[in-house]
């Protein structure tokens, strides 16, 4: 597996609500690589899709959803930061951005008194430390920190540039299928619904795979294969999930079964819509969730890529 | 009133996200009974509708929504259970299910230490007690416990097999109208939205009645008639609710008026959609809410059936 | 600026879910004034739109959303009141309404013991004080208290009759654009989604301005101009917000930039839908938020009206 592309895209700032740079990168990538794929896709982008990109190969039956937005912070007033999504970085984390006065390299500071009040988001407080005031409204993202070792890939924003990377791998092998590079997943959702409507209205696609990264837990571990999630906060139609599991077994994919009560994904956005979607979250686990240095085991990624290939063909 | 059908359907496992058995039962029921009805309905089911069934008589102006899913538990790891919806059963409750190793009859166990922390769902913990480990991802439902006495019907899953039963009663008497056997109501909603889109796109139906069971409270009691809900967490358009109340009065239905701030139903799913729906929740109260042995007064059920007959004709 | 119209509409009771009187007023207003406008609009109302009114001028590229519903209380049993939206009035506030026994002028009473438990909505309790029992299901709204001074306008329900008033000002000057008088904004949302679907299906409009009132804060103050919100609980597409800010600067509008983590508006309803909307919240700040006597600085209102004129033409 070649992770150069992954290194490139983990370094592109693209916070929820401001995914224009990832959109531009993807539109450019698909324009340049169109002819290398098994079948030539149609690429949909533009205002109608906000900052999303939808890529359709042949006659799609299944759509892969990979969100391009990330958690981060918005600068408010008096050094205060507002969360974009649910970032989990600690005091001292390196943040980067740009405002009217130029480039920004600063650090995150979490005031002590507020760290004790757990479970009370409203009282959380985040600040930046920098030599000058930053324009309110500026987004600050984790500084790029990509690192590849023998067994692991480690980088800020593996969630969800790894999901995006996996979707791009599929582009090279699939004959029929759709790729959705969605927006807003980390902050309230929304993009996936719009893409879902488009794909059902135009292509009658009703099956989705959520190409994303999950968390380590007591039961989901590195080196145990790609995780297939039976449920999280949302419960996908179980008959579809069982079909996915059966195909994974049949094709000797190394996988682990996730059964959770919390967490969500583009799958929830699809389910809460007026369009009926079967969906299943499939991705490897990571540690350092929503922090710099999210770390994933390489062989788990390999199983992810293999399983998606099987599913794009067989579902 | 004949409650044999109700007994049958309360025993069919059909948790939120896995309502296939109820779908099959209903498709079969309507195929067998089609010709006994006043007018021959169109029955919609299949992948486009996931596990829902939609039955349309004549030219519908009103749709009855009755959800077919129930609260229950999903088996996770190390004896832990994840809630499906919001089950309220106590330690010792009988649970049933099936996995790769065969049939399961076990009991619910709620560890003591966690029972104290009220209002904190995240810290709730549920376990099963069984002679062997159960496959993760298996659903466990309340064991069937249907019981009919002179005045009451008592059974797990009166919520919402009673609403389904009422919808089926209406099938026998209505000339114009739609029945929606919806999914996912207990766990985040979603099904009703899809059905709502279908009915508005195809039939221009904009009026809904939510056929479901409500809770006893200080002001809503057994033997006081069917409850018409003016509001719960959601507020339906009040001009529609006033029309329903006026018709109930005009036709001498025994009813009680519910005014609540909590609780939700398929009505909320309809209202949160991009389609405009007038809706009203109408159903009898029960005790033992979301536990085994949900108990409803027979005459309250009789008033429910009568009121729906009036409304399907007059709205 | 003439605030007679504002005085009139702040006195029209129109709670979330019961906006019929505002709908009737607006339909009447547009019928009477149609020919005074620069271009003759199409006015959409009726059951398909519930209690909303949509007014379309020429070929719209931008829609102004102004919600017509207000916070208030629903009478339940035993003097208890249920909140409609999130009213913040204090004990002694004057409430008015009407039920089967006639007109009601009463006061709000918040029992002492419950005032301490902050942050726990479930335990909040509200009661009315009146000489007789009020019919359950009756809505009670703040008594009209409009007052204009040299620099301020002060009235219950500036939120959001001021946004409605601003939309009506635009009707007199715009050539192309849509006005949405939406419902349910204060209680769960819903109306804006329906209007959004209509405008996209029929007119391909994808740009929205949310005409509403915001809160004073440490950084948002009276006399600093109209507030343009970069984000609240929701994050609108930032490229659109930046375009709005650039136009405000270019046209010398006095404005202040809001960067918040809480609060929502019709913008959130649009974003949570299956239709892609760019949206931006623009309105002056007020004090006494969701209480009687909401107070707004006149010159901030003037800047609001000017900015909307610019945006309706230039976006």
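We call the chains A, B and C, going by the order they appear; numbering starts again at 1 in every chain.
We adopt the following convention: a contact is a pair of C-beta atoms (placed from the backbone, for glycine too) under 8 Å apart; a residue touches a chain by one contact, two chains touch by 3 or more.
Here the structure is a predicted model, which means the values were calculated and not measured.
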Copies subunit B and subunit A - interface residue numbers shared by over half, same or different: different
Turning angle required so that subunit B lies on subunit C, C-alpha fit (0 to 180°, nearest 5): 120
Where subunit A and subunit B are represented by their mean Cα positions, the distance between them in whole Å: 35
Touching two or more other chains - residue numbers and ranges from subunit C: 272-275
Subunit B-facing residues of subunit A, complex: 119, 206, 218-219, 230-231, 233-239, 241, 257, 259-262, 268, 271-276, 278
Residues of subunit C defined as touching subunit B within the complex: 16-18, 20, 47-51, 74-78, 82-84, 122, 136-137, 139, 184, 187-190, 193-194, 196-197, 272-275
